[in-house]
Amino acid sequence: MNRNSTLGGLLRRPEAGAFLGLVAVLGFFAIFGGVTFLLPGGMASWMNVAANLGLIAIPVGLLMIAGELDISVGAMVPFGAMTVAVLSGHYGLPIWAGIAVTMTFGVMIGLINGYMVIKSAVPSLIVTLGTLFAVQGVVLGLTVLITKSTSVALTVTGPAKAIFGDFVMGGQVQVMVLWWLAVTAGYILFVHFSRYGNWIFAMGGDKVSARNAGIPTERMTMLLFVLSSTSAAFVGMCQAILYNSAQVAGGQSFIFNAIISVVVGGVLLTGGFGSVVGIFFGTITFAIVTQGIYYTDFDRNWSSLIIGVLLLCAVLMNNTFRKMALASAPKKVAK
Amino acid sequence: MSTILSLQGVNKSFGPIDVLHDINLDVKAGEVLCLLGDNGAGKSTVIRLLSGVHQPTSGQMVMDGKPVTFRNPREAADHGIATVHQFGGTFPLMSIGRSFFVGREPTRWVGPFRIYDRRKANEIAVKAVQNFGITRIDDGDRLVGGLSGGERQALAIARAVHFGARVLILDEPTAALGVKQATHVLRIVNEAKKRGLAVIFITHQVMHAMAVGDHFAVLIRGAVAADFHKGEKTREEITDLMAGGASMSALEAEIAASA
Amino acid sequence: ADIAVIGGSNDDAFWNIIKKGIDDATPAVVANGGSVNYLRLVNYDNFAPDVVQLIRTAIAQEVDGLVIPNWVPEAEDPAIKEAVAAGIKVILMNAGGAEKAKELGAINYVGSDEYVAGQAGGAYFGKAGQKNVLCVNTLPGAANTEARCKGVIDAITAAGGKGAQLPLPSTSFGDPTAVAEAIKAEMLKDETIDGVITISAGDADSAAIAVAQAGRTISLGTFDMNQAGLDRIKAGTQSFAIDQQPYLQSYLAVSILASAIDFGTDLPTNPVLTGPGIVDASNIDATLAGVAKGAR
Amino acid sequence: MSTILSLQGVNKSFGPIDVLHDINLDVKAGEVLCLLGDNGAGKSTVIRLLSGVHQPTSGQMVMDGKPVTFRNPREAADHGIATVHQFGGTFPLMSIGRSFFVGREPTRWVGPFRIYDRRKANEIAVKAVQNFGITRIDDGDRLVGGLSGGERQALAIARAVHFGARVLILDEPTAALGVKQATHVLRIVNEAKKRGLAVIFITHQVMHAMAVGDHFAVLIRGAVAADFHKGEKTREEITDLMAGGASMSALEAEIAASA
Amino acid sequence: MNRNSTLGGLLRRPEAGAFLGLVAVLGFFAIFGGVTFLLPGGMASWMNVAANLGLIAIPVGLLMIAGELDISVGAMVPFGAMTVAVLSGHYGLPIWAGIAVTMTFGVMIGLINGYMVIKSAVPSLIVTLGTLFAVQGVVLGLTVLITKSTSVALTVTGPAKAIFGDFVMGGQVQVMVLWWLAVTAGYILFVHFSRYGNWIFAMGGDKVSARNAGIPTERMTMLLFVLSSTSAAFVGMCQAILYNSAQVAGGQSFIFNAIISVVVGGVLLTGGFGSVVGIFFGTITFAIVTQGIYYTDFDRNWSSLIIGVLLLCAVLMNNTFRKMALASAPKKVAK
């Protein structure tokens, strides 16, 4: 009953390794980056990056827990940005209409992804690779067709700006951070406290058994794909509102970045194991690693190397701790 | 005893492959029906029809006198049919409590939210498993992957019985179990029968079948080749039927002799 | 005349303005029984091989004329020579220069020079009194972006200030927040930075936010332009944009080439320079009018 | 009969978990050693030591009078120890011929190349399986995934016997098999014994154990609790031992009575 | 014995779907792209692309068959190009020395990848993601440090040029195409005719059973990682020799392109099933789809969309055929 009150129990939680990894990189940059990095301004810098990434990483992580992958998020970010910019910037529709249509499209593309994954036996990596290209193509083709340009300006004022694309708390922190924290809390409720979360873990553990246990696996799969593509479109939309402009290109870095955050966060690539809090820590770890460099005196040309090495270390450490913790528990899998 | 569920002239094909032909079976309350037959005879397929995993190609399933169709496992479960499938059914990386309640999680209201009631789930799951004699399990947060094969099987069966099943289906529950654990499962089957459930029990072990069965149906190549009651046939006859009609006694004798 | 034009990636705004120039020049070519085929890179990922591949594709299509940017001379030159040897009339556009055109046997060069454009930016900062300029490169390692930053740094150094490049790792490519936060961090770290220039118009949108939050006056410039950037110039929150007037490059290159093939004309102006032009508060309104038509 | 392989005072721990304590066992040519015991008693772990999957924490393995250590499964195989593990062992997406020869592929020279001899592999594999009575298999290119459980088991055993094994180890080969298929496996075990192999046979079914066993070793919680020969104990005694020392006869009687 | 002589048998081969996909896209572009596309010049255009990609896709595909992934190839291409350019271009070492050192480094990085995958329990996707960043960082950092530039010129003449970076057969076809064809033949021998190929399939089918069967799984894993990273370095090196220059950036598109080619080629993402010929067809299909567009009249802005849709179609078709073929065979998996 009291698994969580012992040290071993704590270490056995999916987020334990992620938390230790986070502490390690925080320490690393606190030493090499100095205090600026931990002052409000510095914190805002990685919080903002983590928020943008985290909104996408969590649903991507849930898909991974359920045994699926969605890499079309890389196209959904510019899709979301461009849709709202074309509608409310180029055509001048009311911003709320632009937002509503963007979100609706996000939902629709998620449904398409989910439908194709369910109906074909093709792995979701490949299906969403197809949608990645297709959505990229649609965004580019339509934007150029409509606006004769690949960069569309958008000026939003009033409540929509304040809600989706502004800075809060002294003008350093994107409002997206609040969204991220709120949504993360929502996901924690959904995944760890509602019955539906249980279903996601069961699906990742054994999809056939999950279906046999009466879980509507197909509807859950659809829901998760809708969550990931809508979240990505949302992030793109907020970026367009914040930066007053949308580009056709970009967003692809979100694919790997989200996968890294999720795995650093302790989710098993094979599904069935992980936690929202872990992904949350993983995202922050990633944001700190990528942003922390700018607070150090390292030559910027080495930043990729440092990111690569730190990530490897974080993952290895994470893994070592998990193994150590699990070694103290019986783990015979009789099947 | 009253018939709860029956199959009437059921056929099942997968594409071009006919797996079941004209199956007629009655499942009665408070009775254990042993489904016997060779590897590949179609036993698990019958189970999958009854539990809503597959639908019959033709023929009728009747429950309490009314025709029913189960479009998915959930509908079968809603009709009180609980199945422990041959492989899988538990989730190694989930806790005992969560695994026990998968798909039927207990919730409670916390403010505006209906949240998963972990404590209740764990309590019920542990109690249900302990009721079946597995007293070593006392922490509902332990991962299922840490249980022995017998303990897992007990968990799956306890789960099925718990959800007010009227029909309990067990597909080869004793195959990987040790003698003690298998006996345990047999006791559970008897327990369930006494509570008035209808039980369908699949096994390849004559002794296990004879220990609990009231009624026996033997499948040979997808058709019901024999349907009889306890005491109507000898162990040797049953063994021969289970082997698909071959005369096993000769073989067994040969082995015993040569050994 | 059947003409092939080779250009940059589909999602690169610059090369869509090039397309506008091509589209406007095409009717004249078609009227004389020819065609124009715009061959574009899918991305800049495998740059040199992909460009050469496109040149070979054009040769395989047996075109009469080829308009090609000489981005990676070492890689492209043999293929361009091959095209010339196959009897294809070639114009270098956007990258290369008159010398190179002569060397390869191309009939002309239409365009500007990345390094010179960078120098123009650096000089602009210098004249406006900036002392420490950061050149944000979101595509470090690519020859053209490196040349831009090098030009900026060299010119600001010559003007008595100093400059540095900020190469961003690929993890931040296409994430405006990551770009903005990186710039912000650099400005927090180095209090003396008073000028920022980005290698693309999209990055300037991110930089504008970073600059606005820096809490001190920082002059922002960019290579190339987009609507949002021009709006900022008009509003006074951005100093300038360096424009090489891509519309002219493709429009003129295609027209000159078609005319040379179809009518044997020979333009004595060589090279035809289209930039760098600086867009700032002084000429913003005229520029905005051009943008509305997709030509700037 | 001569002792081929013996374990002398072997212990095995996984990290903090002690799984085997002071195991002493002799395996003799032309004899079937039945390894019995509850779920989790440590049977498969003994097997994994003998087949080079794990190494003993302490103690000695002796083969033909000389101490041996198997650093990996290949070394054990090279010493003539062939193992059919409890789970897995065949590759569903591979052909019968390839699966049969996995790790020991036959090759022939074609010019300068030593290439995999598909025809030979298929021929030998099909013949070996047919020799064990599975005559339905005649195409070595068929995928293993298309075989029934019994056929797969036969393939795995035929493979082990084929490679000149001197010691054949079968870990619960009959668990998922039908009566006919199980009898088949038992016949194979007898066949192997007659050819002079030493066989180690693990099962949870007393009948199967008694049908083929010459020598029985019972593990209880990782230690050898009993070691006796055919005829030295009754079925009831063996059953009790297999159940970890509990008195099963009472339980069985209870079940039979209540049924 | 005669599985391959029946239509059903043919369709059941892993490359069947890939071959049909190839025929379909060939037909598509023959209709929309005209005959130029099939003339020698046009063929050379997609053969060259396929050769560069194919040399990398095959070892990546073998890793996938063995149940692993290697995405560090995306950094190994510029790594190979830059190493030879710095050594033989910047420092002026003899070209053969440059080639030898480049290949040696390729082998070493493969060994590092393999070692980390074997020793840690971390999935190879994540390990090689780490090396991807690390190698990118090393290439950028060292190149700038050494040459003060990110683009290094290299002039190679004589036999090295002829062997690694020249055009053959009328000057249209890269010598790389010959390498590709030869290496593909070698891989076919290795995978389908030698015993080692069998081991790869066994490892992907069930790694524990494979190890129990006496296969040296760890050494095979190392070997495969060495093959993939060395092949990628080789491709980069040949590109540098061919184009007389090397850039620091780029190469990342090889990651997805290789994975797409492999999966279109009929390899199962989950391992244990596939064929070299299938990957070969998959690579050509991909090259035709991406190059074919240039021969059509479609607006170039829609090329991503067309690529995405064609890929989805190829994969779906591939899958449908495989399912149809397997339906005629019993496929009960008892385990």
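As written, the chain order gives the labels A, B, C, D and E, with residue 1 at the start of each chain.
Here is the rule we go by: contacts are C-beta pairs under 8 Å (C-beta built on N, C-alpha and C of every residue); 3 or more make two chains touch, one makes a residue touch a chain.
As the structure is a prediction and not an experimental result, all values here were calculated from the model.
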>> Taking each chain's centre as the mean of its C-alpha atoms, which one ends up farthest from the centre of chain E?
In response: B
>> Can you tell me which chain lies farthest from chain D, using the average of the Cα atoms as each chain's centre?
In response: C
>> Can you compute the centre-to-centre distance for chain A and chain E, using the mean CA position of each chain? Integer Å is fine.
In response: 29
> If you average the CA atoms of chain A and of chain B, how far apart do the two points sit, in angstrom?
Replying inline: 42
> So what's the Cα centroid distance for chain B and chain E, whole Å?
Replying inline: 49
> If you average the CA atoms of chain A and of chain C, how far apart do the two points sit, in angstrom?
Replying inline: 34
> Can you list the residues of chain C that touch 2 or more other chains?
Replying inline: 10, 140, 167, 169-171
>> Among all residues of chain A, which ones touch two or more of the remaining chains?
In response: 136, 140, 144, 256, 301, 303-304, 307, 330, 332, 334-335
> Tell me, which residues of chain D touch at least two other chains?
Replying inline: 39-40, 87, 148-149, 176
>> Applying the document's contact rule, which stretches of chain E touch chain D when the two form their complex?
In response: 1, 3-4, 9, 189, 192-195, 197-199, 201-202, 205-206, 208-216, 268, 272-273, 329-335
> chain A touches which residues of chain B in the complex?
Replying inline: 51, 53, 72-74, 77, 83, 85, 87-94, 98-99, 101-105, 107, 113-116, 122, 138-143, 145-149, 152, 176
> Okay, in this complex, where on chain C does chain A touch?
Replying inline: 9-13, 16-17, 19-20, 140, 165-178, 180-182, 184-186, 188-189, 201-202, 205-206, 208-209, 213, 226-229, 231, 293-294
> Of all residues in chain A, which touch chain C in the complex?
Replying inline: 36, 41-42, 45-46, 48-49, 51-53, 77-78, 136, 140, 144, 147-155, 167, 171-172, 174, 176, 239, 242-245, 247-254, 256-257, 290-291, 294-295, 300-301, 303-304, 307
> What part of chain D is in contact with chain B in the complex they form?
Replying inline: 32, 37-41, 148-150, 172, 175-183, 186-187, 190, 194, 204-207, 211-214, 230, 239, 242-244, 246, 248, 251-252, 254-256, 258-259
